[in-house]
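Each in structure tokens, the structures are laid out below.
Next come two complexes built around subunit A: one with subunit B, the other with subunit C.
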Partner chain A sequence: MRYLSLYLEFYKIKLKGIVEYRSSFFLTSISKFVNYLAHFITIWIMINAFETMGSWNAYEIMMLFSLQTASYAIAGSFTYHITTYLSNWIKDGTFDEVLTKPLNPFLYLASRLFSWGYFGTMTIALVVMIYCFVKLNITLSFIKVLFIIPVIIGGGLITGAMMIFASIPAFWIVENNFVANLIFTVKDITDYPITIFSKGLQILVTLIIPYAFVNFFPAQFFLDKNDFSIFHPAFQFLTPVIGVIMFYLAYKLWMFGISHYKSTGS
Partner chain B sequence: MSYISVENISKEFKIYHREKGFANIVKSMFARKYSIKKAVENINFSIDKGELVGYVGPNGAGKSTTIKMLSGILIPTSGKITVDGRIPYENRQENAMHIGVVFGQRSQLFWDLPVEDTFDLYRKMYLVDKTKFKRNLEFYTDLLEMKDFIKMPVRQLSLGQKMRANIAIALLHDPEIVYLDEPTIGLDVLAKENIRKFIQEVNKEKKTTVILTTHDMDDIEQICNRLIMIDKGQIIYDGKISDFKKRAEGENVLIVEYGDTDPVDFILTDTRIKLLQEEGKRKWFKYCKTEINTAEVISFVTKDRQVQDILLKEPEIEDIVKKMYRAQQVEVVS
Partner chain C sequence: MIANWVSRTSVHLEIMKKAFKVSVTYKINTLFEFLSIGFDFFIQICVWTALYNGRNLVNGVSLSDMISYVMVSSFVSSLSYSGIALKIANQVKDGTIGNELCRPINYKDMIMYHEIGANLFHSICIRLPVVLLFGFLIKVVIPASGLNFLLFFISVIFGITIVYGLNFIYGMLAFWLKTSEYVNFISRALMTLFAGRFVPIWFYPEFLKKIGQVLPFRFITFEPMQIYLGKVDSHQTLVILLSQVIWIAALTIIQQIMWKAVQKHLVIQGG
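Coming up: the complex of A and B.
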């Protein structure tokens, strides 16, 4: 990690950028905040109409969504721009420049494209999470509080891994929108408790694109629920492990993708 | 073992064909037709430490592809490259520590940072110690005349200023080898001059090996001592600049515009001059400098004639390339 100070420098630069372009940062944060707030309100209204969804009430479902949003904020800060920029950078040749640096290209990109803009997203997620705990009258034991952090980080790693997977086709086919859209759409399934869907979809979001580990399984631990369908109850503790595994796989495949990079004429 | 050695390097790309019509588009989703384009084919050269090499050729000749393989960005389809004992595309990160790269069409600067901060960032990236950094920065600021804009944010700089900053960045860590891909593209005469002097100075001071691609023959003439020319993926010339110039001088063109009253039909009795083209009152004469000098040609074609204008056209690099390539094809056939 002899480059740690360099990577930290990038985060500092971005922070300096915020000071310089303050209004832009506030507008981004507010827009993200309002965007997710609207999403929460929609869920709240909808579930109030139905009262429950499976065995889940409105606040429990909002809890699912807040876990997902918090993880997304972490993943987004580091990897969202890799997904969206990579194909353009490959198209216009900017990626050449990345490869002439004496750095790990992934860490370099994750630092260089880091965004503080998910601050608003994280804030709304945490506000809603606390609000749900209060409304549900759940007393948080010491262990629960301690477990929230690895769960959010693990969820961030899973979501981040998915964003990285979505960017990988760019190395081969330059355009990666299709895969990105697919992966982001699957994420929407876990806006709701997955047990309301068919077994096939449950397996998809648990074993193939494991978004259910971001919120559905760990939420059951925090909310003292027991709605595991066909899956083992131990799944509620696996989020950090799955996160590390998925991220490692995504990283390895991404690095493999680089060897297929073809560059463009200039 | 030479410093940089390129042995039998080829690089192929798959080019997918786009077909018209909806049915064909659907079909091509599953099985696409493609052809293989050889960007460079079986090229060989070696470069010694401290050489200043100009690497030229027309657009699409394979210049950038070669530079990208040398700097480790692209992996060759076949063949072997070693740069100071390293294989650039296998030890990419390690290799990157010892090289500097400038792509003239692209910038390594961060648009929202002042130039100075960008230098500091690169100091950390290349683990340059502070005294060396300070010494180099002073040396480069002075030589490249960067004093006026070093505190300005990058987005406010002119193209020439950006290019100078980019070149300084590429050399901040005293790389042993610098690859410059069209470093003077789009710059005015003064900025070009400044950059050329700088490259020579650095080469003299630090024995840096420089490989430079360009379309500007003046870059080559003023900076380099060796020229490698590539066309259609193959090397068609590798040698001294002075030898190359002898070949280049082979074909000069003199354009003469005669006055209206003049009877312009005349017979070229001197076989060393050839009529290339005529258009109204203008005539294009081709001659070889090795056979007849320009003064003689002028006196011959203007003798007893009213002349409005004379224009001397020096051979352009693209023309020479074309000519050399044609000559090469003939060799292959015969």
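Coming up: the complex of A and C.
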């Protein structure tokens, strides 16, 4: 953290970029906003035609998706481009250049590849979240409002950790797309309440790839639900803790990956 | 005339073959793609089973119809996927379209057949085996009849033609808008809402159905799937195929007009 001001400088530069290319930023934001809106509407159509899914109604499931989307917006801003660029940068040698900098390579990449482009994603997530609370007639207590922030940040850390894990194979075998795709497919389970799936899958997304902590468990606290299947109800409060642990593990493994990295020589 | 057509077709086939071969080289990717697709099907089956919750019919559609829909429509979607709108728009934006237009081959044909080649690989070599495996295991996916299958096949080809018509139009808009960010915004959102790929239009509320009626998107996967599953009678099938032809004609005319306008005042941005 010695070069904190230097890292902050990257974010400032990126922000200045937005001011310079204002229309491009707005178009990207609107584009993400509208695409997620379309997705939310189709979820509503689907659940509404069948009334409920398990013990969850359309707005409760939209709430699950909005928590997931908000976490994704945070994670995506910092780590999405690490997952997608790392393999190419290793192939074309750009990554060697990253290593020659006297900076922590992870923090350097998270700053240099930071994107403000998820602004639209975050906005639609919050809009839908508020809309669902209103539709479900839930009065938010002070504690609930206060807890939303660590839940979204914790969810962001979990999602970000998964993106980092997905990038790690690139250090050994250069290519990493396939691992990323598989992890993102597993994430799809948490588009829905995990209790509609078999116990095996519930354990997979709770204990192994803990996406369920991004939305399924904390959502039950906000929605006053009690659908914990084989898990302990205390899980609804664990999101921030799991987030910090997962992100720390991902960071350590990523740094371990670098120590095993051999340049492709390009 | 005929010799000309033959030589052009052989060029198109060659482009498709090249794209196909490039896809074959990534073996580990292929293996994991199998896993991802299988896993995705499994999730979808769980989701629809939970939604049906023991009911036989919802809006006249049974659970096994729905599972067939999920799998066969995913095959149709991977066959009709297109990212060329963004490709064209980006090439217009950064000026490389100038070089592309100088090549001695039709630019639109080249990018289209290249993509179709890659799509054929992903849909036939990867997705189809998974569909057949699942179909074999849970006894769904069979078309309503041989004739239905034939008509489905024709309407899928029409659907793919519509996709490319739309994509060329989206891509060419960049000549006027001078940016490419709008592409995802219009193409993806409209497809998500009105193509009925994620949630079939059977389950749509009336007002959204009505909007979808006047748009071309449902002819890409939804209507061919209706034919496949035998959800429409012979008269309706004819209407579907005819509507597809009308859309193809309309999109082609719009493209021609845009293309003429572009050629008149083409501005290459740097490059």
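We take it that the second predicted complex is superposed on the first by the 265 of 266 C-alpha atoms of A that agree within 3 Å, B and C clash if a C-alpha of one lies under 4 Å from a C-alpha of the other, contacts with A are read in each partner's own complex, and residues count from 1 in each chain.
In the analysis below, contacts are C-beta pairs under 8 Å (C-beta built on N, C-alpha and C of every residue); 3 or more make two chains touch, one makes a residue touch a chain.
The structure presented is a predicted model; accordingly, all values stated were derived computationally and were not measured.
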Superposed partners subunit B and subunit C on subunit A - clash or fit: fit
Touched partner set for A:99, first subunit B, second subunit C, both or neither: first
Partner chain in contact with A:134 - subunit B first, subunit C second, else both or neither: neither
Partner chain(s) touched by A:13 [first = subunit B, second = subunit C, both, neither]: first
Subunit B versus subunit C as contact partner of A:259, first or second or both or neither: first
Subunit B versus subunit C as contact partner of A:49, first or second or both or neither: second
First, second, both or neither for A:197, with subunit B first and subunit C second: second
Comparing the two partners subunit B and subunit C, which touches a greater set of residues in subunit A: C
Partner chain in contact with A:249 - subunit B first, subunit C second, else both or neither: neither
Which of subunit B and subunit C A:188 touches, first, second, both or neither: second
After fitting on chain A: smallest Cα gap, subunit B-subunit C, Å: 7
Contact residues common to both interfaces of subunit A (with subunit B and with subunit C): none
In the complex, subunit C residues that touch subunit A: 26, 28-29, 31-33, 35-36, 39-40, 43, 46-47, 49-53, 58-59, 179, 181-182, 184-185, 188-190, 192-193, 198-199, 203-205, 208
In the complex, subunit A residues that touch subunit B: 2-3, 5-6, 9-10, 13, 17, 20-21, 93-94, 96-97, 99-104, 259, 261-263, 265-266
Residue ranges of subunit A touching subunit C (in the complex, touch as defined): 23-24, 27-28, 30-31, 34-35, 37-39, 41-42, 45-50, 52-54, 173, 175, 177-179, 181-182, 185-186, 188-189, 192, 196-198, 201
Residues of subunit B defined as touching subunit A within the complex: 13, 60, 64-65, 68, 71-75, 92-94, 96-97, 99, 101, 103, 105-106, 108, 110, 112-113, 117, 121, 124-127, 181
